[in-house]
Amino acid sequence: MKKTIRKIFDKKHISRTISYLVVIAGFVIIQLLMNTIGIKSLFRSLLVPTCCYIVVALALNLVVGVSGELSLGHSGFMAVGAFTGIIISGLLEPYLAINWLRLLIAMFVGGIMAGIVGLFISVPVLKLQGDYLAIVTLAFCQIIKSLLNNVYLGVDINGLHFSFVENRISLAQGGRMLLSGPMGAIAITRLATFTAGFLLILFTLLIIYNLTYSRFGRSIMAARDNRIAAESVGIHIRNTKMLAFVISAILAGMAGALFGLNYSTLQPAKFDFNLSILILVYVVLGGLGNMTGTIISTMILYALPELLRGLQDYRMLIYSIILILIMLVTNNQTLKEKTENLITKIKSRFLKKGSVAHD
Amino acid sequence: MTKLVQYPSGAYVLERDADRTPVLETYHLGIDFGGLSAVNNFNIIVGPTEISGLIGPNGAGKTTVFNLLTKVYQPSKGTILVNGHDTSKMSTVDVNKAGVARTFQNIRLFENMSVVDNVKVAMHNSMHYNPLTAIFRTPKYYKEEKRIHQKALELLDIFNMSDLAETEAGSLPYGAQRKLEIVRALATKPSLLLLDEPAAGMNPNETKELMETIRGIRDKFNIAIILIEHDMSLVMNICEGIAVLNYGRIIAKGTPKDIQNNPVVIEAYLGKPEQED
Amino acid sequence: MAFLSYLINGMGLGSVYAIIALGYTMVYGIAKMLNFAHGDVIMIGAYTAFYCLTVFKFSTFTSILIAVLLCTVLGILIERFAYKPLRKASSLSVLITAIGVSYFLQNLAQILFGTNPKVFPELMRNSTFSLFDGQLTLSYKTLLTIIVCILIMILLTIFVNKTKTGKAMRACSQDKEAAQLMGINVDNTISITFALGSGLAAIAAVLLCMTYSTFTPTLGSMPGIKAFTAAVFGGIGSIPGAFVGGLLLGIIETLTKAYLSTQLSDAIVFMVLIIVLLIRPTGLLGKKVHEKV
């Protein structure tokens, strides 16, 4: 018992412990607020999307931070998960009345579908490196969006009806359209709950941390840090990176399913390149490879401007400036030293003042 | 002194290796970079317990040979056999699995990882659990991780590095980094170890220690070692066979004594006649 | 005949891609980075030309000149403040920074100019002419675009091969350290490359706006990505490659729209990118490089 407790708080695992604590604390505080003083409906409506973005950001951090490859296509995996989830939940609705179970199945299937797409994409993508890899993930994301924009899917007593590019579906009495091209899905039964979002974040953290602290995690980081050395000790770079990529896609797909089932209508256009960038901003600002940072930065950057409506117009402008500054400060030696000096100066001044006040 | 005997092919090997398959054979190995041949007609045979040296002036193509042997570069022509197996269809990873491990001239450690993790990375292929086991942490995960941790520590202990196990590899002193690279290579259980300038940047004492280490590795692990080195005293002291490379071609092969007395080598490589004996 | 007209229209579109692709290809060749913000420099060029023509009522020539100058300065500034400090950083960091710059320009434009589409003034009477007894109708715009593109290609090829600066650029793209030892000012050469690419972006901007007539702050992103595709297609780092890649991509896109599907044309263009990168990552006219171990 003592040994396990020590293990939770030792140097190697402390970051993991903090991540879990942050998430659990956040959930408990919000639940308390909801049940006591109550919170505004605007804030309430942000809870599920925030959870979804946190999960996708964590998933992206697995690829960008841990595995070291830039993916600009995660909104595509989210889209696959979202629309799969919506279709599954729509199909199951007449047969399965338990909402949480339907949500669970939808998320599971959504994740698996996104994983399959991720696996399919990773084969060509991981033959490439660096900028080329990034641009190809972007290309795939655009292709997924284009295809979804052209899919028409309806269901009636005769079964499923599918058409591509043009809507040629005529449904029997009582039939429903599940997907209608650029219009996307309409009249979705909203199943998503904050608790589901919270559990999904915990699940995501569990997967990412357990993977990182295993032989696979070590090889993923080895492949990132020194490709040639990793190969020379028998690590198959592509398989290793593929594992990170596919798991990341599955998680993004699950988050997508939850996201999709949080709205009554959803268009494929929602999952464009901008969304990928937004999530990338959360990841970079939270720190590459830093999961706790990702969670906090997503909460602040997504929820805050939504709450401060006045900032809305300037949000992306401010993000882009922060993004550039962070990259410059963390990657340029002179700027890095200057910032560190500045921080220690501020700290020492602050501490001095504190001690004076104490006296 | 070790005695040389002849293989049926006509090549010379150490007497103790005579009835075993050579760990490495290359025939007519060569590579061109944009029409320029960097290595040409490179033929060597290395016995399973031999320490051999690959020497030659800067730019002679020594590291290129290592890159060919490990398939970092694909040969333009020729054959490489590792333990009798043709490697022409193998990748760097496959060649490692077939038994070739190496170090690098400019150290390539996983700098952000701890020393023991660097070794454990190299033991990846001797661990047996799948990603699902890792994610859901079944007992097998704990058993395997514990086993490999123990093994990594044992290996580090042989090199007196077990105290440094949790240190970040990038913060080690230079000599220790070179040593860790060797440990990491050994962790893949190779039958042939390629050392690219292991003594570079070391002082005479460290070099002496390194010499003992290299000999120790051969005796303990019973493997073959090829080293690229500029430190002649080291090469002449521990190598049992030497190949001299110049302009991508082997200009001389033989025992240290042969090489020292070879006029071609002296002219092309050692340069001045007042060379040490 | 319809096919021929699609083909020529495709070449017109492809010429614009080719001019944009030059910006990518030169910068990639010399700085080894994907300048994601290049498309947004085009957008800035479009707004500059637009305001010069409509608000300040400058002549067409002056307006284009001002747009070119402004974009050139913008290119140098971007390089100086965002990319130069990252010369030694990983390609991941540089790419993220470039994406940041791209988003900065787009959002700045949205705040300054609004998100509503602007209508670009007609620079040429939209006159067409017919060939083969009226079976083939072509617009002067398309022809002008193609001619401008060919002119730029010729001038640029001469510049790169014959002038001192051009030779310095080629030297830097092959080996920066060696170039520095030969007394070439690498920083200046990189700045000049960005300046050239960005200046060309302004010309591309005017040509684009002449074709599409309306534009928004996101004008540059799609043509930007497509032009990058063209640059990769032709072989990144190669000037003739950008030309060939641009033309081919324009033709592929136009033919897809005409014969397959308008809605899927973007998807098909991206498929081309993926296939090219997989089958021949060095492009049609590119060279393979070895990694030093």
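In order of appearance the chains are A, B and C, and numbering begins at 1 in each one.
Going forward, a residue touches a chain if its C-beta (ideal position, glycine included) is under 8 Å from a C-beta of that chain, and two chains touch if they have at least 3 such contacts.
Fair warning: this is a prediction, and the values are worked out from it, not measured in the lab.
Asks: Average the CA atoms of each chain to get its centre, and name the chain whose centre is farthest from that of chain A.
Replies: Of all chains, B has its centre farthest from that of chain A.
Asks: What pair of chains is linked by the most C-beta contacts?
Replies: Chains joined by the most C-beta contact pairs: A-C.
Asks: When the centre of a chain is set as the mean of its C-alpha atoms, what distance in Å lies between chain B and chain C?
Replies: 49
Asks: Report the inter-chain centroid distance for chain A and chain B in whole angstrom, where each centroid is the mean of the CA atoms.
Replies: Using C-alpha averages as centres, the distance is 44 Å.
Asks: I'd like the Å distance between the centres of chain A and chain C, where a centre is the mean of that chain's Cα atoms.
Replies: Each chain reduced to its C-alpha mean, chain A and chain C end up 33 Å apart.
Asks: What are the residues of chain A that contact at least two other chains?
Replies: Where chain A meets two or more other chains at a single residue, that happens at 228.
Asks: Would you mind listing the residues of chain C that make contact with two or more other chains?
Replies: Touching at least two other chains: 293.
Asks: Among the residues of chain B, which are close enough to touch at least two other chains?
Replies: 72, 104
Asks: Please output the residues of chain A touching chain B within their complex, sorted ascending.
Replies: Going through chain A, the ones touching chain B are 206-207, 210-211, 214-219, 221-222, 225-226, 228-237, 243, 247.
Asks: Give every residue of chain A touching chain C within the complex, in rising order.
Replies: For chain A paired with chain C, touching residues are 64, 68-70, 124, 127-128, 130-132, 134-136, 138-140, 142-143, 146-147, 149-150, 165, 228, 273, 277, 280, 284, 313-314, 316-317, 319-321, 323-324, 327-328, 330-335.
Asks: Which residues of chain C touch chain A once you look at their complex with the stated criterion?
Replies: So the residues of chain C touching chain A come out as 33-34, 82, 85-86, 88-93, 95-97, 99-101, 103-104, 106-108, 110-111, 221, 225, 228-229, 232, 261, 263-264, 266-267, 270-271, 273-274, 277-278, 281, 291, 293.
Asks: Show which residues of chain B lie in contact with chain A when the two form their complex.
Replies: Spelled out, the residues of chain B in touch with chain A are 70, 72, 91-93, 96-97, 101-102, 104, 108-113, 117, 120-125, 127, 129, 131, 134-137, 141, 144-145, 148, 184-185, 187-188.
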